[in-house]
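Per-chain residue numbering starts at 1, and chain names A, B, C and D are given in the order in which the chains are listed.
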């Protein structure tokens, strides 16, 4: 029962799940183990310590939860808030929409700040709300750092500045699913209270780990939060942290070893080099889009995402057809336009363990597809633009010099 | 960061996670894929159809949830019940205890029927409660089919008979974590409303899938159940089932291919042959325990488990020392005694993709450890007893004749 | 002891060893087995039958020898010839040179027809020699189908025509190392007596199998050939073929399963589709080279190779520097210029399990490297030329429509 | 095309190929690489240095040849001897027989000292021959350290003593295929001139590497040896050793990484601990055989092999039936009796990466099979005898204390 075969490597350019590096695949190619042997707690201890580095926190407490990003969201919310609590949340695309939907279904009182899809979070309105909230009825600001559906990166530093400016005690809960480990993310510096990501994104693992990090303030909030939770309850983890056995229920042995290998690779390259590589990939992609004469779904440069680019197609083209041809003719996986932008955008994910030549193959493929679907692209133009930038900016691979 | 090395294969005899067969490891040794390509829904469709077979249901609706057994419990409860609902639950060991704890934390009104650890669910008291419950205040019977902590298998057929006898409409929710795919389990015949297992048990996969199956009655109940749920909400799955895309959030590609391979192996062997193999393993283990002059924690034959045997040690021995020596001297992983039976029992898991000679190696190892810790075992005695039975009962491997 | 790490996939464009497809890696991810069990002969039988298809022979006898291409050469020669026998051999590049060296060291009387590197075998001289050889002193024509060092494909059909024309009984021994399974190769139609390849080339396996196929005439010759041989003796294989156990010494279990998977993939794609794909890759590469304003080392179109392109660089550039930068800056592996063309050419291998977008990524990378080393390439030009051709010629992936 | 499936792990107890440890499987689970990149020579250098340790030589020169044990034999002979040279060789079983056959086919003048199968090399006759050979017509003593067909280990120290005693300059060529890395082997101390093994034996890798180590005297002999050789010519390797690129033809990338991992495991356990483990396994197996009332094919204790035990069965039993039932009923692979001892012995291989509990499972299985075929074994008796010894002798796993 293998999937339909195509020659060569699948070109995986959805914004997650992303390519798994070979050393990580190797690390996970193993039998199950008893997670109660002395080996697993020993390894877990290093994981919990090292995973904090990708959040850039020294004071946070991380949780490795056997779940997806959706579960990580639920963990962030239910551990810090009580039913009826007011949250401020930004609706700017499909994933922020889904998180808001979750907040509503979990019975929070969600104050939605909506923007056009393609715009970032409207922080002016946030400022107004904070200014007006003398009673501190807002318990949490919930914000997606990088909206994967539209390729929009929000400015978290400004959010923190606003909270500080208004001396507002609201918790800052951040979905970093398509940002952490790829974009510049600074949990401690930005005073993020809960940050979360999923293993299948920039960490370049299989799906299966929701990685959540809680500030001391968030941990404190969890003591009084009244949301019903069991599977997602941080307290169960904390109990086992104290015991030194770490796991309230069975972890995936393979994902633990995989995470160990993934972190090792990231630290070997250097987290800041990883982030710089994503910056290059994002820039190169946008230069190609520009050369093709197409528009970025993201409306302003300040919001450009270095992990995913949503490309607007002309009205006479169905972007779903582009994604379909990528799969059927070129063995490439691109991201669909979702919900409001369905048919209007296709997405190029450029995050995780990926290099420039992989991206250039993708861009060349996109050019051919654009031609396939009747868009008058000049073949090679996007690649040329990207190369012109990259050739000046790719560093030597440090370990190879 | 590999764990401390020991020569040869690790002898994994904890009652889960269990040994992963090579064909399953191979199937999972793969890069991520776009789960929105046509390939994944096509495969998922076969999985959902085939996974019903291991529950022996044709009318149930399965859910493959990226979670653990604990999450599967939560899914079973929150989708069918409302806060305050009365459940009847049996406390007979650590895992039934944890499930009861979860029920309480989820705000159900749990009517606990407690038995001594080593005994099965007290069905006489259940009968009394059902008889007395004219108002049908009992909304669900929650029962662990096989209590992994004590090696006790409960009689589900009798539970169904009692419900039918008293014409009681309570839902029957069954934890089949350490039973399904190993013990005789008949969802339709026994009128089970929700049954669940985890991928790392008899299916012999890594941890990461909670597999839940709901009867039509349970699905109906989910429409009015008021428990708050998002990540575990069946409704999100059902919506995507209708769309034919199947996944409300990102599945683990690797576990899907692994599940496909695992099911293929089970059907190749034949589910009933798989169950018969577990029957042999259980019987052989108990014969060895008897030959060693030790007691089974399980107090009566009717409750004997064919997936895990909890062995009582004499009071002058600490069973944790046995588990420790197994690991440190023999590269074997045995199960600890948990909670009330900590120090008093060690457990031999004999479930999943395992054969008789593997078990005999384990039994020989246990004999040496018993001697190590000062128990006057006759070396070879348990193996002899097990062999005498097995030599008469192991069938030829059908595909090899 | 992992090799120096670079982010993303290594772009492997040496003309062998080539990229291994995931299904083949999976098939080889396994423990050893007893090769004397009934399973291995059963599988071997299918391999021997199916491997003939990639040679396009129904009358040949294949041998799967645990060796490399060098060993396969030795097997071809020592089984068919006796010391002192006259062979005619063409010196056109490094690999034909090495084969000639082997022939001389094995004490054959080698009649070398030399051409400039970049030219094909001089068949006019062959014709003269055949015409003059009334005594049939020439026992074998040894020819490399595709000279990997210079990217030159020889015309085997013409060689056969010449032999037929002169009614010359010489054996036709063909090195198909970088051709079979990628270029059009017709053992029976062309009357090839021994053809050989290595597993790490177009079959896309690891190194370790020399695959040799002998015509009935070659088998007959082996009965009287006096070259000393044991490890490479076909007779030992034939003896075990008759016994139905197939293996005179221990085969690599992993490579057998890998070969099974590799053949399955080739037949799934269709051998002729595989060859057509290589034709596209070769053509696209040459169009890029032309667009860059560079020369192909291969001097005439009739000799162009669809598996490897050797690119001549201007005299002021050291081609080794290109290969070095590919590795150190772009995580790409290109082929060095060897021997006479060292420093003068770099090689792009485009054979095996590879697709067009992978090649386009490589071409984009080469453009950047050319710029790096001071060649005034127009960035994007090669990719544009390749895309213009490919966009019109890539077929839909049949299994995906 | 998977082989016929049986539940659980295959119990692999043939004397090679043996079980591959998981870390080695992981190390080999990788794509091909360019072997001309800087990474492969760097790794090769460590391999060549470290592989000498398993030969216990500091003065030897190792060759990692892409071949099997048969090829390694050929390499040892053709590099050191000339056609017509007199060798003294011991015929004591199937593998020494095959090596003698090879020597004869390579045109050496083989002086065969034959013993009954089950006996070791007759060193008294060797002494006579050496004493009589005043002209030093004997150019090499060829001896199999451990005859895998009969489980006989020859005394190499005595061979060296005899050569020294008679001041005989003959080369000492040793087949260490089923001994090196498992039995005590001391290349330098015993003055061995060529020693060789195969990757699939005690090194616990897949088949594919013939590992040959040559003393300075053997290297010197290779300069004048007139045997025709190309593929197996050490000189080609030495040329590339000097260049620092190491490989005259394409190596298997996977086997190189696998060898690296295998050596790492051996050094982590400690070579002497590895050897001690084999001593335990051999002893335990023989105790079981004795307890079953069966005879060891090996006639005297001094020759007992710690890597393979050949067990004689009573005349009324066909040992092939035992091997067949092991496979068909118990998913176990035992070694057949070969040639003269076909039907009379079955063999238990206990070498490589294996631990005691694995062996005990095997022994329990053998007991059941013996009963299956009508031998009146007392079930459990062999396991009891083995356990009594092992329980007193297995050390703690050092890294785990």
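Assorted remarks:
Throughout what follows, a contact is a pair of C-beta atoms (placed from the backbone, for glycine too) under 8 Å apart; a residue touches a chain by one contact, two chains touch by 3 or more.
If you want to know which protein each chain is, UniProt gives these names: A, B, C, D = alanine--glyoxylate transaminase.
These figures come from a predicted structure and were not determined experimentally.
Counting steps between touching chains, the shortest path from chain A to chain C takes 1. Set against the C-alpha centre of chain D, every other chain centre is closer than that of A.
Inter-chain centre distance (chain B to chain D, centres taken as mean C-alpha positions): 44 Å.
Chain centres here are Cα averages; for chain A and chain D they lie 53 Å apart. Centroids of chain C and chain D (each the mean of its C-alpha atoms) stand 34 Å apart.
For chain D, residues that reach two or more other chains under the stated contact definition are 4, 19, 25, 29-31, 38, 327, 400. Residues of chain A that touch chain D in their complex: 22, 25-27, 29-31, 38, 400. Contact residues on chain A toward chain C in their complex (touch as defined above): 2, 4-9, 11, 19, 21, 23, 29, 265, 268-269, 274, 277, 327-332, 353-362, 364-365, 367-368, 371-372, 378-381, 383-388, 390-391, 394-397, 399-401. Those residues of chain C whose C-beta lies close enough to touch chain D in the complex are 1, 3-4, 10, 12, 14, 16-20, 25, 28-40, 42-43, 46, 66-71, 74, 83, 102, 105-107, 198, 200, 206-208, 227-233, 248-255, 257, 260-261, 264, 327, 333, 336.
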